[in-house]
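Two complexes are shown next, each including subunit A; its partner changes from subunit B in the first to subunit C in the second.
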Partner chain A sequence: MNKLKVTLVVLLSLFFLYGCVQTNILDKVGLTTLVGYDKGSEHKIETTAVIREVNPEFQSKVEVITTENDTSKGNRMEANRRLSKKIMVGQMRVVLLGEELAKEDIRYYLDTNLENADVSNSIYMAVVEGRTAPFLTYEYKDIDDIGQHIYKLIEQNVRQEFMINATLHQIAHDYYSIGKDLAMPIIKRDQEFVELSGVALFKGGKMVSKLPAKDSFYVKIVRDTFKVGLYETILDNDDIPSKILQKPTDKITIAFDAIHSNRELTLVDAKKPEFDLDINIRSRVLEVFPDINQGDRKSVAELEKAIEKKISKEIARVIAHSQEVESDIFGFGEKYRSIVRHSNLTREKWHKLYKDMKVNVNVKFVILRDGVFE
Partner chain B sequence: MKFKLPFNKKQPQPINEAPKESLVRVASASDHFIQSIQNATNNPADLIIKLVPPNLTLIYIDNLVDIETLNNDIIANLQNKPHETLEEIEIAMSIPEIQHSNLLKETVESMVNGSVLIHVEGYSQVLLANIATRESRALSAPENESQVIGTQVGFNESLSTNISLIRRYIVSPELCNEKFKIGTRTNTSISLLYMNGIANDQMVNTLRQRITDLYIDELLDSAVLAEMIDDNSLSVFPQMLLTERPDRFCDAILDGKVGILVDGSSMAIIAPQSFTEFFQSQEDQNLRWQIATFLRLLRLTAFFLSVYLTPFYVAAVTFHYEVIPQAFLVPLSESRALVPFPPIFEALLLEFIIELLREAGARLPTKIGQTIGIVGGIVIGTAAVQAGITSNILLIIIALSALASFTSPSYMMGNVIRLIRFPIIILAGFWGFYGIMLAFCFILIHLLRQTSLGAPYMSPFYPPRMKEMRDSIVRMPIPLTAKRPALTRPKDKNKFKPQPVKPKKS
Partner chain C sequence: MTKPIQLSPKDMISAYLLFFIIHGAQVGVGIQGFQRIIYIDARQDAWISVLIAGIATHIVTFCMIKTLEIYGSNDLYGIQIDIFGKWIGNLFNLMYIVYCFVACFSVLRNYIEVIQAWLFPSIGTWFLSATLLIIIIYAFTGGLRVIVGVSFFSIILSLWILPMLAFPLKYSTAESLFPILENDFRSILKGAHSMTFTIIGFEILNIVYPFIKDKEKIRKPVHLGLLLSTLIYLAVMLVSITYYSGGKLVKTIWATLTLFSFISFPFVERFEFIAVCFWMIIILPNMCFYLWAAYRGATRLWNISGVKFVWLFSFFIFICSLVIQTRTQINTMNTIFGKVAFYVVFVYPILLWPIALLKKNFTSKKVKHNEQA
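Moving on to the complex of A and B:
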């Protein structure tokens, strides 16, 4: 009988404690799909949130609300005062940062989202050229839900490997690990469109420079492996071996998709430091303009050589640029730390070393197939 | 916690203190004998007393005896021929089953079972000629367990017909048949069937003991018996299979299981039975193994879908909006927007309506039942959505889980699936996914604790019997399933000699 009493107590407490659980019924909450942070006046944070509300009268609608307060939660409370529904952030997909704010320090915005258990770690982060508030409140002609649109835009480009992958999880990893700096896509409004315009380079928590969107291919190929990406490159006159040309021209444009790439990083000299960067790319050539004779094996080999030369030149340029602004987005420092014993590497120490680091880029480019594709 | 059964299965048999009536002897004088029979049977209207001159008295109960045999083989042989001794009479009649008795009680019992009493004036002994006839319907297709490929015959209500059906499937002297009488008032005959040399003695003994220990006054159906001889009668999960298919019964018996047939019931009991076997159909044996495996996996999926889909919806919409995929978010919240109730109430209401429809459909005559199904499904479904009582998506989920619950080949298990959904929905509405997990753990622990005739209910998953998974939620080809399930602890472990994996080339 004693056991029966215990069961009864447990069952009764189940019933009475029911009232203590907070419910978030789907149609009674406003779902934040995107949040943009800006620098407000007097050290305040200006937050722009894209919130989807569902009402019986007008089906579902998207509201963009800009508020200014000292904290991110304070902004949420302020936004709550303007809406008929409780604001929840569990469905948030994208966090945008204003350029001005990114140039200062992003640490607070990273932490506040990381520490919130409601926020998924797989949300995307990006930097907006200019301020986020006008970017989000602009009434795009063909875009119904700006939050969902930006999410799909970034996701699609990341999947296709046109853009580097910058989820909250990855950014937090890069931010807190010594010997690697984070990078994010840059997004901007272009007339009636939203466009990914480049890659933002960070030194610690500060944005220090940006690369054009075309260079994200080189960033990606040095950072990690490549599986599906499509790329187009231009061979200049002095790179072109004259033999393969059918008629004289001053440049050749080549579009190829890298079926597979891998990179290998070896530390040659720890003191200097000096790295060997070997990159293997196996690809299919999709388009060549103007036409060259691809039937000839020799001319294909010449073409491979030319592309190798071109890519290694570009990679060297991108790395040199990142060295200049002391932003190690490729993770050379991680490699250095893992190999050199008792390096006692700190962020400052590495940034100093990184500036004078020497990298020997060695690209091996193999054309697996050419001709008819897709 | 172990719940004690309020019904004591092992009631001690009341000690019969040699009641006087059981020792009363048969009177030698005819009129005394007739009087005593009339008293013992409360002089019913269908008691026929026929005097055959010069010195014989025939007593029987109308409709219990075969009139044709009575006329041709008894009365015709006895009439107008003086017989002096009982032996002479016995020789004169062409009846196979004749007994002698001098006790009144035994005589009356035999008569109630369909014997004709033949009393000779001056003898304190009677002849009991058994010419019983039993009313029973013709054999028909099994209505509740129909299958496309396979035999189309089911048990009927006659014990002797059912046993003959089984004897026709298993033509072997090793098929054992033990008879018992259960019920102090109904005196129902039941048969315990098993294969000698396959079935485990311990299991047969346990079942025999459980049956003989029963002390009840009536037994009208095998489902009642199954509930009383279960290992845990308080559990919602049935631990013995009720089937009306003779082929399924025989298959089980040949696996080493023990079967019980009850007179007057068209359902046979099979034990021991594991949980997964409730999701197997006899048709699986008749199909190719790939198709049978697909069907078994389909039924298992249907089980989980049926039990957990509605609670999942309730929990996700009430508490965990984070897990809803983005593409699904807008349609889901738009369909919910008009509904004034919280999701738990919405779901319970719709489940209740579906159960009402099912119950109404089951109780009504077949023709009206179909109409009710259509009216209920279309009219109530569409109207409820338009009136804003439920959302479209929930309607689909509820209909799907109701449909899935009917895929279980055992109707008993289908009922259980439909019932355990309700507490899970309530828990999901109270506590979200935590509530669902709580219910899942509770059900899992409960299932793990169950036994069927002492055999583990969750076999072959717990205890893990890897080789027996070949014939559990999947069905491997017949050469790979040469062993009988260890669930039954069979004396003969192999159904046939398994072929070597790589036969030598000759």
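Moving on to the complex of A and C:
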């Protein structure tokens, strides 16, 4: 029994010794909530960090510090020299990349964040139109904490499926996979606002093109599935079957939400290669202008047809654009690799194939219901 | 034949507890990052490698039980002395003790490396190893029944980690698994071979056998324990292959922990930090069983008391943990140990069975012959 007591005493003392481990007390650390990278002069990295200092007595302070150094950790050290508090990155939520830098190679910025155990895999990444430093240091009239603001902005847009989801994990997944290229939201300053302005397409680690924000719907519908979502489109004159209209008009604007979509990809011909892309969409129509008789089964069917045609056309356009810049953000290559045995697919090989790939887009659109007022 | 081990009933344990012993001794540090090692060999067919390795454990265990049954109530140390004679047998016993020592040490060092990489980079290795060693010394001094209790609670308490595997499924794509069997059979087997370091532990059966009360009932719990381990490894592997892309999996050192880094609750921002800490409960039975197995061997070689042995053993482990410091050293140790363990755990028992059979036939004939004469 005595021996047990001795071991217990030793164990307890060691247990309390764990308290001597380096502590990180909230009011003594500066929390980095956002980091923006830019291309600096002479191969250096320019980092802009948004650091939140929590102060128990006063309102917390937000500092935006720009430093230039050879590595991102060097920048952290330099930022540390300017602050009274220790800088921690555990609460980092967003990583922004300057456009110029994104056009070169983003690999370093991925790896440096993946390697650090303090950085969560669920942080968001985005490309900034122009440089990040002026974007972050600009004094927005109504935004207190630019780091938190951008995080919430991206998060709510991703949650509502207005924007493609680009977390560190997904980006690294796509970057390190053969047959899928990564895509990120583009963010920019518009007067006193911060705005998601589009989708950046990458080829390997280089940004090669961008699509406007409106097209993110099509990107998303081909990339993965929808569960909520909201979308509006304009049906042009030649898309509209004249029968369903009560009065002649040039175009119909239409908006639908509560979108459920799934996509199915089948490889028809491995040599060319040729894919069938079947997309099923079920949604609720919110707005149709001018009015269409939605009580009539026939005219609803006609309307569905018209929307199907419109969406197929747009999807085909978006895919064609991505083929032009050789950026397979939809993951056709992954499908190809998973079906064709011993394809020995490399990224270069796939980009070549992708350019001449043929896709047959089939959209099936079902209007589940309309609103409460016809 | 050597005398069977005589034990009082209060030292014995029930057969069904073998389920917890086998499973608790198997699952440990390996599962934190075995995916990339297998993936390098077998690519998207890595899960088949896991399955093959799992089947191999059943076959080996079958041979082990057969060998043990020949001797009634004896452990591997006794069997080796009987088969190979006093000198060579004792040499083999000594080697087995060293094997247990290295196994115990590698579990400890790998876990400390994980803590240092994820949580406290500045904390000293000596401090963590001293703390962990004192815990296992504490468990060891309680005897086998306490160690079995530790493994029982280690499994029951860590069951909740399993459902966490469902979270990463949100980002999984089944496409990553196809085409199935694209890689040739040799690379899949090579992947199964790389599973050694992760899947070993069940060889503890060789030592624990004499302590089982109802020996005719051991097959079911032993094989169920192995099955559960295989299923867990398989589930983790499948989730990992579909969650990561190939290139990312190869570069992720502790893929299981990184898998958890996505999970966050309103009250826990980073779930993997909890998982890393909680892993200590999972590795405890690992270390306790190896320590205990080494002690069983040592009592046959030298006249040494349990308390003396455990302090000596821990002291050496402590010294070793000071020597091996860097990641490269740890990786080299793991690779070499994995290779040796393959022969000790997978090849040796299969060879031992026919030898033991031959020996038994030979001696029984001799006895008969003597009787006739």
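Brief remarks follow.
The working rule: the second predicted complex is superposed on the first by the 348 of 374 C-alpha atoms of A that agree within 3 Å, B and C clash if a C-alpha of one lies under 4 Å from a C-alpha of the other, contacts with A are read in each partner's own complex, and residues count from 1 in each chain.
Everything below uses one rule, namely that a residue touches a chain if its C-beta (ideal position, glycine included) is under 8 Å from a C-beta of that chain, and two chains touch if they have at least 3 such contacts.
Here the structure is a predicted model, which is why all the values come from computation and not from measurement.
Of the two partners subunit B and subunit C, it is C that touches the larger number of subunit A residues.
In the superposition on chain A, contact is made by A:334 with subunit C only, not with subunit B. With both structures placed on the common chain, the touch criterion links A:120 to subunit B and to subunit C.
By the touch criterion defined above, A:3 reaches both subunit B and subunit C. By the touch criterion defined above, A:88 lies against subunit B but remains apart from subunit C after alignment on the C-alpha atoms of chain A.
Touch criterion met: A:14 reaches subunit B and subunit C at once. Residue contacts after overlaying the shared chain place A:342 against subunit C, while subunit B stays out of touching range. By the touch criterion defined above, A:169 lies against subunit C but remains apart from subunit B after alignment on the C-alpha atoms of chain A. Subunit A residues 3-4, 7, 14, 21, 90, 120 lie at the interface with subunit B in one structure and with subunit C in the other. Considering their complex, residues 117-120, 122-123, 127, 130-131, 134-135, 137-138, 141, 171, 173, 175-179, 182, 244-248, 251, 258, 261-262, 264, 269-270, 307 of subunit C touch subunit A. The part of subunit B that touches subunit A in the complex is made up of residues 1, 316-322, 324, 326, 329-330, 332-334, 336-339, 342-343, 430-432. By the touch criterion stated above, subunit A contacts subunit B in their complex at residues 3-4, 7, 14, 18, 21, 23-27, 29, 31, 33, 52, 54-56, 59-60, 88, 90-91, 93, 118, 120, 148, 151.
Taken in their complex, subunit A has these residues touching subunit C: 3-4, 7-8, 10-11, 14-15, 17, 21-22, 90, 114, 117, 120-122, 169-170, 172-178, 180, 331, 334-335, 338-342.
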